[in-house]
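Alright, structures below, take your time with them.
Here come two complexes built around subunit A, the first alongside subunit B, the second alongside subunit C.
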Partner chain A sequence: MNNGLCISAHCRIKDNSAALNGETVFTLEEASFTQFIKALYRDQKFEYSKFFKMDNLSKLGFAAAEILLSNADDKIMGEEVGVVLANANASLDTDVKHQESIADAKNYFPSPSVFVYTLPNIVIGEICIKHKFTGENACLISKSFDSDQLFEYTMNLFNNGKVSSCLIGWVDCYLGEYDAALFFITRNNDKKSNFESERLKSIYQNCS
Partner chain B sequence: MEELINKLKAEIIEVLNLEDISPEDIEAESPLFGEGGLGLDSIDALELIVLLEKNYEIKIENPQDGKQIFFSIQSMADFITQQKVA
Partner chain C sequence: MLVGEIKQTDEELKEAAGAGNLKALTRPTILGMLAAREAAADAGLLENMEGTGFISANTVGGMGHTEQYCLDYLDVEKEGDFMEYIGTHNCGDSTERIADYLNIKEYVTTINTACSSSANAIMLGARLIKNGIVQRVIAGGTDSLTRFTLNGFNSLMILSKEQCKPFDENRMGLNLGEGAGFVVLESEEAAKQRGAKVYSELRGFANTCDAYHQTASSPEGYGASNAMNKALKSAGLTADDIDYVNLHGTATKMNDLSEGNAIETVFGDQVPDVSSTKGFTGHTLGAAGGIEAVFSNLSISENILFPNLNFTEQMEELNFSPLSDVKEGAEVNNVLSNSFGFGGNNSALLFSKV
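Here is the complex of A and B:
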């Protein structure tokens, strides 16, 4: 059924590779996440120095959003753009680093710049700050990519007039493993890319 | 003093993840915060307080002093030197 919404673009970052709408835009063989994401930043010319202060989850989500929105319509109204992201490990990757810094009472030096990332929704904030998005946002936690959950939540936002476009998807990282799959949902009667749960699932499973 | 200033520059670059900045880019007298300097923010300020405690065992007792102490690399070096003498 056509709901008047379409997936106007999708981006995937996984296994040292970044792709936009299924086309690889950058790849780096045999590199750690840190090496890969830094090389991706340079290659894609993000030019946003705060990037290097972000934790891994935010770097991953920010990079995916930058690539996803690189060809987005300039007329996007920031106050009408929502962001709905989900993941399995919340902010655990950074939580562990923070815990390590406070585990020894004799060497107790928690880092403020690490601590501020010990929430899973900070990545949404970083994306919103960069793109001046002030619409509704939500951070969902699920065991694995759940297209039904993302679809239903996003449809609710559109049906209630909360957003006119929405950046949604999966941004997860923990201990060097990472996976980002972002989708930009807009109002459009494009049957080929109609916004459906099954289509989200299919793109997630087939686009790497 | 020169040695301490260079050490501070390297430590600040590392602790604050100033990826695109080298020690040579930082003027010892330039302001660390606001325009015309490194453009550090409030979280960076907290990180500098931790740096003084962790690397120099200096605790800032009066938060009001922070603005003066962290004005520049030079003022930080002056403060560290002064604390060591005291």
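Here is the complex of A and C:
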């Protein structure tokens, strides 16, 4: 069934490798997430100093969005772009760091710059701030990549005239393990990449 | 530290709510019970809650008791009545308890989007009714003062040592407050069917973000003006139709500048009567949108505009001043009520005379 929407680009970041539309754009062997994401930033010339203040989840989502949107149409209207992200571990990666900073009743020092990331939707905020997206957004939590959930939620936004394009996908990160799979959904009759739940699922499964 | 504190103790409030024998009630729960019950009674619903949902906003949860008992909770040896409060920490606890107290069995949920929470609760209620999920809702919010919020806002250096002066050139920050405010929203059909007393129509609403900063709002108030414009659009009205704006007006340097710029973006040089009522209540956070929705409705039904207390000097950057005296006998047809949250979560509600 053609719904007039297509997956105009997809980006995957996992296992120290970043790919755009299935083609690897950067790889770094034998590196921690911190080393990898910093090398990716340099390699892709993001030039956004706020990146270094972000937590791991935001860095991951931000980098994936930068790559995803690198070839996007300049004429995108920020107020009509929605963002729908999902993950399994919410902001636990940073929650743990924040908790460790206050665990010792005699020696504690919570940091506002860490605390501000103890919400899973801040990654959406970082992407929206960079790209001036002010459309509808949502942060969903599910056990694993759920293409039906993302598809239905996104279709609802399009069908209600809330968005004219939408950045959607999975951005998950916990204790060094990470996985980002983002898709940019636009209005277009491109049969090859028609926006369907099955297609999201197959891209997610095959681009790993 | 100046705060808008409700003078009664938890025990006195519990007594007033006729809930003296209920256990583990937090202060937001008791305040919410009193306000939601009053709203339900005024709407003639107390005897029959069938078809009525409950949406309550709250930001502080059971922090008041958690900060009192957290070390006792951690001590495995310690037992006592304090253990009853361990389940009250989450923001949803007050909502569930108030719903039980009012015998509400339909859709019940809690919203926390910081200072725009209860405006968003009212919006969600309207959307549920529009989509036929419930016939009517009691929607609003409740919050109480805690050391946690006082210290938190103090560390942000936005608490005023004097009475807050919203939209004044010499404003020094906000005063925190506590309270609860709820409205009863109902489909036109359901209201007519039972001959309900109608204060106003919720004619439009909007929620926007401004994609500017994780915590701060944009100085030009992009998200705020966008929220007001979208609320006008959804109501099919223009800026000229608005008689009064109940401002968010926290009296911080940044909020009032940002909101003031947004007002000028929307209204140009034809700014209607505007005031922040936070001088009366303090900033009640998750309850603010609900309390101010009640004020906005009173303005419409009683033809009265409430003044912006403590105002003396117009802000340099702006070309308008808020209303500094009470205005009685005003013709109030359309009111915008603004509620803006941390990080640029902006909501505007538009109430109209029926």
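To be clear about the criterion, the second predicted complex is superposed on the first by the 208 of 208 C-alpha atoms of A that agree within 3 Å, B and C clash if a C-alpha of one lies under 4 Å from a C-alpha of the other, contacts with A are read in each partner's own complex, and residues count from 1 in each chain.
The rule is simple: contacts are C-beta pairs under 8 Å (C-beta built on N, C-alpha and C of every residue); 3 or more make two chains touch, one makes a residue touch a chain.
Note that the structure is a prediction, hence the values are computed from the model and not measured.
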Partners on subunit A (subunit B, subunit C) - clash or fit: fit
First (subunit B), second (subunit C), both or neither touched by A:Gly78: second
If touched residues of subunit A are counted for subunit B and for subunit C, the larger one: C
Which superposed partner A:Arg42 touches (first subunit B, second subunit C, both, neither): neither
Partner chain(s) touched by A:Val116 [first = subunit B, second = subunit C, both, neither]: both
Partner chain in contact with A:Phe52 - subunit B first, subunit C second, else both or neither: first
Subunit A-centred angle between subunit C and subunit B, computed on Cα centres after superposition, in steps of 10 °: 70
Lowest inter-chain C-alpha distance for subunit C and subunit B in the superposed arrangement, angstrom: 6
Set intersection of subunit A contacts, subunit C complex versus subunit B complex: 112, 116
Partner subunit C, residues of subunit A touching it in the complex: 78-79, 112, 116, 122, 125-126, 128-129, 131-134, 137
Subunit B-touching residues of subunit A, taken from the complex the two chains share: 38, 49, 52-53, 109-113, 116
Subunit A partner contacts - residues on subunit B that touch it in the complex: 16-20, 43-44, 46-47, 50, 53-54
Interface residues, subunit C side, partner subunit A - complex: 155, 208-215, 223, 226, 343
